[in-house]
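Chains here go by letter, A, B, C and D, matching the order in which they are written, and residues are numbered from 1 within each.
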């Protein structure tokens, strides 16, 4: 297959490398130097003009938000022929995806939203989990590409469903994180040994990815790497809140978590890692980590 | 050691069986028949009068709440000699424990709060995790008893600290549960395949004990066993909220979770299992599971 | 001026009567009999076909939500000539209004959103307060009509601003109401005389329209008239929540109030009066009023 | 009557002046100079030693919190004879008041909790509203004193009921304030004229003491006087939250308001005025007033 891979960020860069081993690909990036470097490293073809992506069989996008995807859609869709496939690996907005899918459908082009989970380690190793929304037919076609970087491809529903599940995952992550931060700060104020407490929690029913994989190194070792930007996590939460709102649902925990993350983002700034909301929980209480 | 084991509920009954293999124990239960049955099964000595527990070296209590423990304390403490040890395995209230510890200290009696996690399977197998609050000396003495039913004994701090960590664990459990229920209901309303969605979530960063061990059988198979009463889970949440309040902390997520669980308890009733709050989340939205 | 008045509900009916005293008006209602009755009572001209409204100088709409307004817009806009004015007195959505204003602008037709406050007594007496969004020019033109039923016309900003202020008003009303319900239920549970308590609150800084004009007759006299449908109040809250969300704002109180009203609506049903959320607050606590 | 008036703060100072016109009073204040000044201005008798208050018929306390009242109780109660009356005008805690009332009852001393509303203007003018908890007999006796500074005395229930109603008043005030701040900030972000918006809101159903008497001068004129310390307002909210918690009630709005005020207090500091939480709402959104 001839593929145009659009977006060479922390995730996209290694993912495009995996795709390149099995497919002929052109790569495009907002900053062209990155595409040129990718071409040198992985034998891909760097293109400068977005329009030069239009001739490929498959367009794959992985960008910060659906807004950037929509901009690419505006440029490329008029140039695309029939019969192609658009794969959007962005952690995007289900409503945008549905609109894009419908638009492409009118041009006889398939669409799947296919966000991933597994972080940069999974992207490097090619062992990502991919949640896919779209028709059965588009899903089957997409698997040939998705399988190059994903070890687990899960078809979750119609177009937009992949983004919806990703947003739900990140909403759970966010609420689990904020609550754990509150509980650990409370224990700290009570003078309790947090290393022991985390050992208990992780042997107990309160455990989660958050308590097992995120908090120990931050809380106990004081390491605060930037692994996933708070701004993007907050964006995903806002997508989850929008999904609930559009479906006319009462979802107080998703709602409150979203409000708190927005406040934390305004305090911590765009550059912060999402786990740093733990520091904002402390700040609300006149404390620090 | 001569031990009085007070409270033969779903957890206490098998725990007392493990203790009996290595120690000489008297058992007391509010309903005496249960104690008599335990004596027949495990070779323990059933006592009818609480006062007959006073002569033992160690008093071990495991009761629904600190209120019941306090009642036992009122009866027994005046009868106890110096040098004994009180082990409270109840999921209790740190403030009550601190008061009891101080009172026993004046009589030269040690105290540890030692709530457990691992459920009835862990209690049956003798593989519970035990979080212990109290002085180093009391902790060391208590290990001889706790080790008979616990495979992991963790000393987390002063008297009350065990209860505090247990309350924190259950607050995290509760918030993780409620949020997961909201997210899954939202996905359901969007027409997404929940079996696939749970597969993704459990491969992803939103995963928790809740999404891995509690929700699949309820949501996908429709099995709603009573494993831990909602009334007790709600009580633990109220303890966590009290801890935060007493420490003058702003903890919006613990707070909201507690309010919602109280509302769910009033709707679902005392007999409900705690995971059934998932049904209340649906009811708030005119839906059912 | 020749005016088409569209929507003869509890508010619209008497408002159209006031307009008719000074202007020549056609009236249209989804149920034509109401329009016919209005024509008999007020000397207006009942029209059956919506399209017959298109020839008037001014189109005035007052409908349950912006959705119904949008449907009317779809039908009428293609039929309208240049130079007219559209006045929307619906408690609508600012985003819809902005879109409609822009669409009309391209056809050289003015637009104001002009929701009202004062209830049916104010509508009957012609003493409503009207909050108006739109250009200065459109506002001035609209005053000639609005002044027939409004004693206070306030220009609050551009198109959509009237709806935004109305949504903010109703969000404050809703939060004030829910909180007062919580406080009064707490006092009731403490055995406090609520008549005396309300007397104090209304002499104190906790007072509001809610405590002065809504709660005494409900709580003390047990009168629960339907004055404004909960479904409409909840819709306005959802508009306020959308406004905050679109502006990327952290608004925890608006958010929580909205979630709670949605849950109350699902419990109390479409026919309930909005003040009946007080009963839902009680139900969350196993109580009744 | 011979009265000991304890606590000459912003409220107590002028209140003691009114009492002095009709009764023989001794005044005590933590800082003795203030008592001396009061004696000079109002012909009262300044006492330095708290114990010298014990001989009076009536002890009247008005202090920052019940904690300070409890300290005075510890000192004075052992010195009091039978038949006296204790009037506590502090905005206190109902549970403390109940305990104090029970303790005094055993010594045949009456007790009323009698917090006031009306601010320093009401204290100066002697036109406060007083909400009184206690037995009918104690209430009647207290009226002779309370009537000197209160124009409206309302008996709301048993001992503690006055404090409970005061806490409820302040919880409503706080929630109304926070919500209004959110709504006005949202309108500001939408570019709406806030002077006009406030005019509308105060003609509409969203109005409250907050929107009528507090916000216009702050928001429109930029005046931020210290009228009532945020630390005291937050304390009253915490009392309301405790009342709800002790009564085992689900009160999400009281709960969230309390959490937010605590966070605001930690940010704004002890010296801030309570209305300044409006600034914290803005700060959560990267804005300022």
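Assume contacts are C-beta pairs under 8 Å (C-beta built on N, C-alpha and C of every residue); 3 or more make two chains touch, one makes a residue touch a chain.
None of these values were measured; they are calculated from a predicted model.
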Chain centres computed over CA atoms; the one at greatest distance from chain C is chain B
If you tally C-beta contacts across B-D and across B-C, the winner is B-D
Chain C to chain D, mean C-alpha position gap in Å, rounds to 37
Averaging C-alpha coordinates per chain, one finds the centres of chain B and chain D separated by a number of Å equal to 40
Expressed in whole Å, how far the mean CA point of chain B lies from that of chain C is 51
Residues in chain B with touches to at least two other chains are numbered 249-252, 256, 260, 262-263, 266, 284-285
Chain A partner, complex, touching residues on chain C are 238, 241-242, 245, 248-252, 255-256, 258-260, 262-263, 266
Seen from chain B, its contact residues with chain C in the complex are 252, 256, 262-263, 266-267, 283-286
Within the complex, chain A is touched by chain B residues 94, 117-119, 129, 131, 152, 154-158, 160-161, 164-165, 168-173, 175-176, 178-180, 182-187, 189-193, 196-197, 199-201, 203-211, 213, 240, 243-244, 247, 249-254, 256-257, 260, 284-285
